[in-house]
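Below you'll find a set of structures to go through.
You will see two complexes here that share chain A, one where it goes with chain B and one where it goes with chain C.
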Partner chain A sequence: MSDSSYRLVRGLLLAFLGLWLLLTLFPFYWQIITALKDAAETNRTIPTFWPEVWHPENFKLVFAERSNLQALIDSFVIATGNTLASLVLGTLAGYAFARFPRQAGGENLAFWILSNRMFPPVAVLVPMFFLFDATPWGTDSHLSLIILYLVFNMPLATWLMMVFFRDAPRELEEAAYLDGYTPIKAFFKVTLPLVLPGMISVAMLCWIFAWNEYLFANLFVGTAVKTFTIVIPTFTHGSQTLWNLQMAFSLIAMLPPLVLFIVLRRYMVRGLSLGVVKG
Partner chain B sequence: MARVTLTDVNKIYPSRGETVHAVKDLNLEIEDGEFVALLGPSGCGKTSTLRMIVGLEAITSGEIAFDGRRVNELDPQRRNVAMAFETYALYPSFTVAENLAFPLQVMGLAEAERTAKVREMAAMLRLEDILDQSPGALSGGQQQRVSLGRALIREPAAFILDEVMSHIDAHLKFRMLFDLKRIHRDLGRTMIYVTHDQVEALALADRVAVMSQAELRQVGTRNELYHRPADVFVADFIGEPPTNFFPVCLRAAGNGAGPARLHVEGEDSDLVFDLAPARAARLRETGAERFIAGIRPQNLHLAGAEANVDVATVARWGAAAAGAGAGAGGAEERAGSRTGEVTAEVTISEYLGERVILTLRNGSRVFRALASPETRAARGERVRLRYDPQNVMVFSASTEALIA
Partner chain C sequence: MAAVAGGAPPEAAAGALPDWFAAKKRRTRPNLIVHRWVPIALVGAPVLVLFGIVVYPTVWMFYHAFQNTNMMRLFRGNWSFVGWENFHAVLTSERFWDSVQHLAQYLVFGACLQVALAAVLALTLYEVVRRDWVRVVVLIVLVLPMMLPPSIVGVLWKFLLTPSNGAINAALLHLGLIDEHIEWFNAGMSLWSIIIADVWNWTALPLLIIYSGRVSLPPAVYEAARVDGASGWLVLRRITLPMLKEVIAIAFIIRFMDAFKFVDLVYVMTSGGPAQSSELPTYIAFQRGIREFEVSEAAAYAIIIFAFSAILITLFLRYLKKVLKAQGIA
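Now for the complex of A and B:
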């Protein structure tokens, strides 16, 4: 390839990447500047691309309504509770499928569990509501969503943990048995550390799903318990929408997953490549 | 301390509809303090046997006993055995030193004592420079030595070592074989050593158990295996280069009571091996006519000018023949034997330093013989080869078992 055509291809590539970046980042930019405008400026017919007057106090104003902070806390409790439950169940089930496939029901059962994730959730929305309504804790509680989200997160956790455990050499545990460890001890001290990066990435996937879930939360909770996802639409009062507060609130809601991702990024990459690169 | 007894042990793996019979009716008794090598080609069931002994694999049928006490149902941690795995199985999050110390730590040994033992083991296995590294950063041979060290650092009832030298270079292996032998002598513990390398097995073990295709073929000292192989497989597997085999048919000379001869089958081959009368009688007892004859390349000696042999070599043959005869028993047999002779054409002459391997052809039959490096036999030349009829092994053509 000649030098000039090489430069042309490179230029085109850069232009494409630039355009793509513009498209993907524009909503974020819009979200941020909207969060910093006052309500009047957000409703102009001709929008402004840079706030005329900066209103960083919007981020404080959001919490004038105390329930908004509570919604973030509720979401956090539900997401964390569900993640812990998914991890415990998924790790145990994944280990069983990886090490004792015959006794644990084999590949078919493992796949059936995973296939639950492929089911369109809307189809069971209403039956699920009545099912949970019949429980002592009802639908409007942390526990109901923690359990309900297991339907989506546990299959994923089980399947991924199964893959990670399969890649963790069995001989390590066996060597530990011969050196005097009990199976339980060998599991916790030898095998679990090996799959820890995988576990952390599974935890992130579960947590983010539960944090962001809207459909079921909207139907199930709303009075005693509120998730932030069902609070976001409430910034619309009648014909007026408080765009600036809504954007400020959603920006705040983006922070926990973002922080989580930055802190655990190292494990996430290692965890997701566990199955690919073998030690 | 343990005497390990395996009685009619079978291992059948269920595997996607069909089953794999990995160990068949294995009977083996390993004395307390004995060093036994389990030798066999890849996939013959050596690892499966070990895993049943240490308790990692369920025994399909049969019984394994330590000191006469059945251990089939005993958990691995209660059997008090140390094992080095074929796949090393080093703990990746520990350093080399921590890996070595792990069994001692589980035992609850004090820190100072642990460190001293780790030092000692590291010195023996030449691991001093890498004690602080993690296993992931080591070469295959280094990992293998760490894994061996972790098994040897304890003093269990029995050591079980699975191919622990397969990735160690010849130079270091030589010293490690020596060290391992010394450890065995010092500790006096039972050792079961799996390998597919006959040199390791013959160098280390008091007795060698030869396995093939899930079955135990023969257990014996190196002399027994070499001079009285139980069947064609063992004769072929033990010894380097491998034994020459010929399909033969037995023909009596004269009235049938005299010396018999084994005619090698094949259209254009005129190879004939002599047999001592006593052995011929044993062959006739079987009622069969066709057999498999085997003779080791070491036992075929160039005769005449090409040989360029000296008196000492001739004396050595005599000694070897006497040794073999003692195994076979029968003084009259030895008395009746004289040197036999065959002729063949040299097709390849491989010079290997201290010896020369000649590949010879007689008609369509190709076989090998060893010669001294001074030999003058050249390609295309027709040579005469002498052998002692005592060294001709005869196997059944149907069962491949040794007859005489």
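Now for the complex of A and C:
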């Protein structure tokens, strides 16, 4: 290929990349400016691409409705509860897989645990709906979602923790034994501090998935407990959709995962390469 | 891994394969295990939980796929065995085959298109963009949509695609690409709207996978190709693509596996409508099971979906084992 046509191809590819960047950013741009318009301006026949009057107070107005704040609280409780449970279970199992692979069941068991995250949740959700219905707390509760989200978060936590424990040198642990530490003390004083940074990133990752989850929440809760993910799609005021408030609310709700993502982008691809990003 | 981190070399790119599960050979030193049952207990807890929340429900589902269970019978406990009747009902219903057609459309224009776009974008980003910090910033921006809650993605795109005064129609009109508003949510277009939102949402996933695959290819090979004077096109076709074959296959399989789970945008954007024109099999399974309480029909749907997923997952795990060990990604 000649030099000039080679340069042309590169230029075209770069232009395509630039265009794709713009297309990626445009919905965010539209979301932000809509959140700052007033209701009348969002309903114009010809939409404005720059707000005529700025209404930053929309972000406060969202919380005039108590239930919106409550939805964020519900989501927070569920996401945090599930993260803690996934982390405890995942850390212990990950440790066992890393340190005693054969005694803990080996490769096949580890991959079986991982595969639970990949199967479509249809086969699980319909039965679980009827099973939880028969329990005292019912389907419409924090606890039901905290338990259900283990389906996708616990395998992830197990695998990532296994990887982190693998990277932590076992010699340190052995030295601690020689110094007379009990295994439990050695685990908490020596090994756990080594994997703590990894553990925090796993916690954040699990928290994002639980915070963002929509499908399980949509099917299981909705009256006593409402996560923001099911409030936002049904965000209406009387008969009218207040797009500006809806966009303001969604901006507030998506801020935590975006911030966490930027913090832990280094670890993101580990989760990705396990093929398990989607909940 | 190094991709997003910004250029640090991937651990164990070549040579030292982290073969974690075969670490037992040289162990003659005293075993650290206090009791035989300690590892079993540690692993047992999550395994038990998974039996409770995954295995048991799945078995339940298989059982009821062959009964005539619905809501009433379930609570009275008087369902009975009907054999393959549920599967027969599903496989002869027009609704099912329509949804399969929709799924095929989604696979071709959603999943496959995403991987193709992702491959072009990822390789462009790696080969053509020179500065490291530009790559990192571009990657972060491209990945942002993936981090959003799906319900927000659905609402946002529903808003962008509003036929009468949505931003997309306004922009297309403004640019002169269309003469009149596109009705994004009529029977012919609603599935396309979902696919557009999904492409925006998830193209970054295969992109990241392919990009980090490219980052971890050994530079020595490219050095040799450069010394031999191979053209950029030849290097791409003879070196990069063959070496990325498995990574690209993984990207495809992941998107295909996700396709069988994909349902949240359907719920948020169209609820399967209008007139069932954007229903996917997974969506019907949920509707039949949890909204309409036809448990056994939902079970039949679930098992059909389950079977396809099982094939993909087996395939995926096989590749995953290979690639994880070869690249030391995880």
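Side notes on the structure shown:
As a convention for this text, the second predicted complex is superposed on the first by the 233 of 279 C-alpha atoms of A that agree within 3 Å, B and C clash if a C-alpha of one lies under 4 Å from a C-alpha of the other, contacts with A are read in each partner's own complex, and residues count from 1 in each chain.
Just so we're on the same page, a contact is a pair of C-beta atoms (placed from the backbone, for glycine too) under 8 Å apart; a residue touches a chain by one contact, two chains touch by 3 or more.
Every value quoted in this text rests on a predicted model; they were computed, and no experiment measured them.
Once the two complexes are overlaid on the shared chain, A:L194 sits against chain B while remaining clear of chain C.
When both complexes are overlaid on chain A, the residue A:L255 reaches neither chain B nor chain C. When both complexes are overlaid on chain A, the residue A:L22 reaches neither chain B nor chain C. With both structures placed on the common chain, the touch criterion links A:L8 to neither chain B nor chain C. In the superposition on chain A, A:R102 makes contact with both chain B and chain C. Greater residue coverage of chain A by touch, when chain B is weighed against chain C, goes to C.
By the document's definition of touching, of the two partners only chain B reaches A:L172; chain C does not. By the touch criterion defined above, A:R44 reaches chain C but does not reach chain B.
After overlaying the two complexes on the shared chain, residue contacts for A:Y181 are found with chain B alone; chain C is out of touch. When the two complexes are superposed on chain A, the residues of chain A that touch both chain B and chain C are 102, 174, 177. Contacts from chain A toward chain B in the complex involve residues 102, 169, 171-172, 174-182, 190, 193-194, 279.
Note for the complex: chain C touches chain A at residues 1, 3-5, 18, 20-21, 23-24, 29, 32-34, 36, 38-40, 42-43, 45-47, 49-50, 53-54, 56-58, 60-61, 64, 74, 117, 120-121, 124-125, 128-129, 138, 140-152, 154-157, 159-160, 164-167, 170, 200, 205, 208-209, 212, 231-233, 250, 253-254, 257-258, 260-261, 263-264, 267-268, 282, 285-286, 289-290, 295, 298-299, 301-303, 305-306, 309-310, 313, 316-317, 320-321, 323-324, 329-330. Chain contact summary for the complex, chain A toward chain C: residues 1, 6, 10, 13-14, 16-17, 20-21, 23-28, 30-31, 34, 43-47, 49, 89-90, 92-93, 95-107, 109-111, 113-116, 118-131, 147-148, 150-151, 154-155, 158-159, 162-163, 166, 170, 173-174, 177, 183, 208, 211-215, 218-219, 228-230, 232-233, 235, 243, 246-247, 250, 253-254, 257-258, 261-262, 265-266, 268-270, 272-275, 277-278.
The touching residues of chain B, when paired with chain A in their complex, are 14, 54-56, 75-77, 81-83, 85, 87-93, 102-103, 106-107, 136, 150, 154.
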